[in-house]
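Going in written order, the chains are labelled A, B, C and D, and every chain counts its residues from 1.
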Amino acid sequence: MKKILNTPADYVDEMLDGLVAAYPEFYRLHGDSHRVVARAQAGRAGKVGIVSGGGSGHLPIFTGYVGTGLLDACAIGDVFASPSSEQMADAIRAADQGAGVLRLYGNYGGDVMNFDMAGDLVEFDDIRCTTVLLADDVASAAPEEREKRRGVAGMVYAFKIAGAAAEAGQDLDAVTRVAQKAADAVRSVGAALSSCTVPQAGRPTFDIAEDEMEMGMGIHGEPGVWRNKLRPADAIAGEMMDRLLADMPVGQGDRVSVLVNSLGATPPEELYILYRVVKARLEGAGASIVMPLVGRYATSMEMAGVSFTLLKLDEELEGLLRAPCDCAFWRVG
Amino acid sequence: MKKILNTPADYVDEMLDGLVAAYPEFYRLHGDSHRVVARAQAGRAGKVGIVSGGGSGHLPIFTGYVGTGLLDACAIGDVFASPSSEQMADAIRAADQGAGVLRLYGNYGGDVMNFDMAGDLVEFDDIRCTTVLLADDVASAAPEEREKRRGVAGMVYAFKIAGAAAEAGQDLDAVTRVAQKAADAVRSVGAALSSCTVPQAGRPTFDIAEDEMEMGMGIHGEPGVWRNKLRPADAIAGEMMDRLLADMPVGQGDRVSVLVNSLGATPPEELYILYRVVKARLEGAGASIVMPLVGRYATSMEMAGVSFTLLKLDEELEGLLRAPCDCAFWRVG
Amino acid sequence: MIDRAALLGAIGRLAAAMEREAPALNEIDGALGDGDLGITMTRGMQAVQQGMAEMPADLGQALLRCAQAFTKTSGSSYGTLFATGLMAVAKAVKGRESFEASEVSGLIAAARDAMQARGKAELGGKTVLDSLDAMAKATAGLSDPAEVACAAREAAREAVEAFRERPATVGRARIFAEKSRTMRDPGMLAMTRIVEAVTGEA
Amino acid sequence: MIDRAALLGAIGRLAAAMEREAPALNEIDGALGDGDLGITMTRGMQAVQQGMAEMPADLGQALLRCAQAFTKTSGSSYGTLFATGLMAVAKAVKGRESFEASEVSGLIAAARDAMQARGKAELGGKTVLDSLDAMAKATAGLSDPAEVACAAREAAREAVEAFRERPATVGRARIFAEKSRTMRDPGMLAMTRIVEAVTGEA
């Protein structure tokens, strides 16, 4: 897969320049590292701040979700590489409106170390920080080791729910609690058809034959649970739903939201073909689907493939999910 | 490039089933051909109807833009194939609220014949129809033969502007006039890095080497103006801007909107890298950019590549561009 | 004399011929375009056949139904052009239960003109229009049914060959103008097969 | 006795060594991961060197600055762990302008523990922690500077080899656990090069 870029070394900086140039009403660069994006208009004084961050190459994750009812700031690293802890500390400082800051991000070793370190750094600024980790990828570890799972598209729901709680004026503990509740109620699984190319590497991250797919693959190309011939859409969707529902059963009267997500190159046409099965399975189990999301919400640049994310709702989560939000990539209400 | 589907023959029907299942608040299937999508709630009685249509495989074009302040109905063919004139006639009937219907679509031979034929068919229903064709691809014919040019992403602007005029209560002649004005003020150019695969064909529409790109290529793989080694992003963007501005100069004090569009697989990261150049060129010429659009607005499934579309505004067009609209893929206001 | 019975006979033969020729027509269309020409004609004629039982005696009404079968089943250029031609003939014979072989030339010309208006192509551009033009000219002044049939067939066949070396100028094939220079036009070839079937020589 | 002068000397040697070893470290990291280990160390040490002129005499403050150079320039695991270790040592010697060779073992152990808390990895998992652990143990009870240096170097070198056949258990390399079984851990190898440079044997 070819890429449109100038030099790999400038990829992320130029990408961020273009992003803030296109949407000055939503985003601004904060500080002088060029790797921290904050809301164009800072949140209300006294609002709990929410930061996220991680490697580049996943738009709209992470940076795209900086906006009202969502994140306050983000630190962005090179493609698939953690930002530095100083950049994360800067994002925390940008997000702080005096009520403390929730660090809400995906469970990747480097990001965890750096966000922890960033917390140590902002202790000097007297900013209170909490942490909620997304670990929603059911293919990445057994249920007994849930805390080892990778964080993938489930982040989108967590950003939305925590962001709504913060916007509603809840305090840091309350926002943290509801973010954790969302993180506990979300499950994802992905399947990849092709690799993306990290600009610095210049070649596909992994090789996969023209007639193969991999089930359970991670968004950086982490190995999945099987690799085999490409299957029909309904079989792929069926197995992905099996895996999600085995991990988090959904039954009569349950209310769930579902995200059918393209990892990048896979076009919406194919997502709709898959969504038929997702809907039939959930409604067949007696559940109601609330605010389904179908599109590109968490990607690996031009990787072909999809992920499904299931969020089981209670009244509180549903209210927060439906609350307004606004950024260049997603708007509710 | 691999595809997620069941059988090629069911690709479009299943895609449309999934689309209306995901967004019942926006879309419904109209009639029994299974290839006409109309607004979930029909427009006001007395509102001018706007229909579009053409082959599948370009989402959000065409179907995605059915919605308030945009289209009333669409007829959708197989991938890259015109719908039948009966289906177009059905779309016109669905769109008609007694004030006549504007046919607003891209200049492709088959679509033109069928929409003309559809007009003949709905004469029996006493529906008055007008036509505005988009022919915005500057690479597809010389300026002297502008009427032979293909219609590409410029449609998005035309839908928006005509849709806003119709929503505002303008009559058929007025809506047609302003749609034509938009069609005359819009220019596009594309560049492809890889082909997509038509499901029925099962192999890429065209072959292009791993280190090559093609300038001016059409969204169905129509040949462009040159094919050569892949160039740096800034060079690609520069040449595309050269081509647009040569065809429609933009100068001091002009107000323009610009669409930096992914043809499918190209991720937003790369669009932002390109947008830096687009912005610099337009602002360097003394123009102001109004409501830039950066994303996937008109695609060829999983084709890698981009298109730029420039719309020169006057006060009337700017007002209509900024008016509210709402569909599953685009919302303004 | 052409009446309802003759029409039904022609429909049966044409439907069978299109089914038989579909792979060949798809293949020649596929070399320069999307390879659907055989499908277009087969589907259209199947739909026409389904309406045969209730086919009106009024040939205008009957041919309008045939045209509609094509507007329903196909969005491809050829289907729409074919429907356009049928509608033009239908208009010309509206209210009549039969017409004569001597009228055929004028009816073909009417179809040609309507199709030209629809498709906005020039005569001489290596399309089905050139087949129709040749057929209209070759049958002009003739009135013996067998002679008319023979002249139409010959004209269609000769036109395909006469235009073979020309570049395609319309439709998808235009993109491959150079490559098309050695190839017969799919729409012209299809028209030959159509006339052959309709006149009972296929 | 280790003081500001000794620190500045070590910084100079380490910066030069990392620049020299960068390609080799990138390569070994690239076999199982993202190949940035050499870059991480080079960039970090360049930033440390830039702060050398104003390096405080308080070794706690000085080492904190060194740590910050890494938190600024790198988001890679090794950079953050290295900064974490430096911060732990900084904390331990805060307010002092020198410390003795006999304290080195305890300081290394403090770094090891802080890094373990940061990275949540187990000892024995084939990571830089195992190098530090071996070094802390080998230097325990020693007070002669040359002996301490020698013991630390030897321990680091031996640890790399002792863990060579083990599978990787943390970070990116864990994905390639099987492949990693014949390979030295990049972070352990880097620690060997670091000790060699700091102790003036590289």
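Here is the rule we go by: a contact is a pair of C-beta atoms (placed from the backbone, for glycine too) under 8 Å apart; a residue touches a chain by one contact, two chains touch by 3 or more.
Bear in mind the structure is a predicted one, so any value in this text is a computation, not a measurement.
Graph distance from subunit C to subunit D, where chains that touch are one step apart, equals 3. Centroids of subunit A and subunit D (each the mean of its C-alpha atoms) stand 33 Å apart. Subunit A and subunit B have CA centres that are 30 Å apart. Computed from the mean C-alpha positions, the centre of subunit A lies at a distance of 57 Å from the centre of subunit C. Multi-chain contact residues of subunit C, defined as those touching 2 or more other chains: none present. For subunit A, the set of residues that touch two or more other chains is empty.
Shown here, the protein chains touch in a chain-like sequence that does not close on itself. The full set of touching chain pairs reads A-B, A-D, B-C. Within the complex formed with subunit A, the residues of subunit B that make contact are 1-7, 11, 14-19, 21-22, 56-57, 59-60, 64, 193-194, 210-211, 213, 230, 232-234, 236, 260, 264-276, 279, 292, 294, 296, 299, 301-302, 304, 306, 331. Against subunit B, the residues of subunit C that register as touching in their complex are 34, 36, 68, 71-77, 79-81, 83-84, 87, 118-120, 170-171, 175.
Residues 77-78, 80-87, 89, 109-110, 112-114, 116-117, 120-121, 222-223 of subunit A touch subunit D in their complex.
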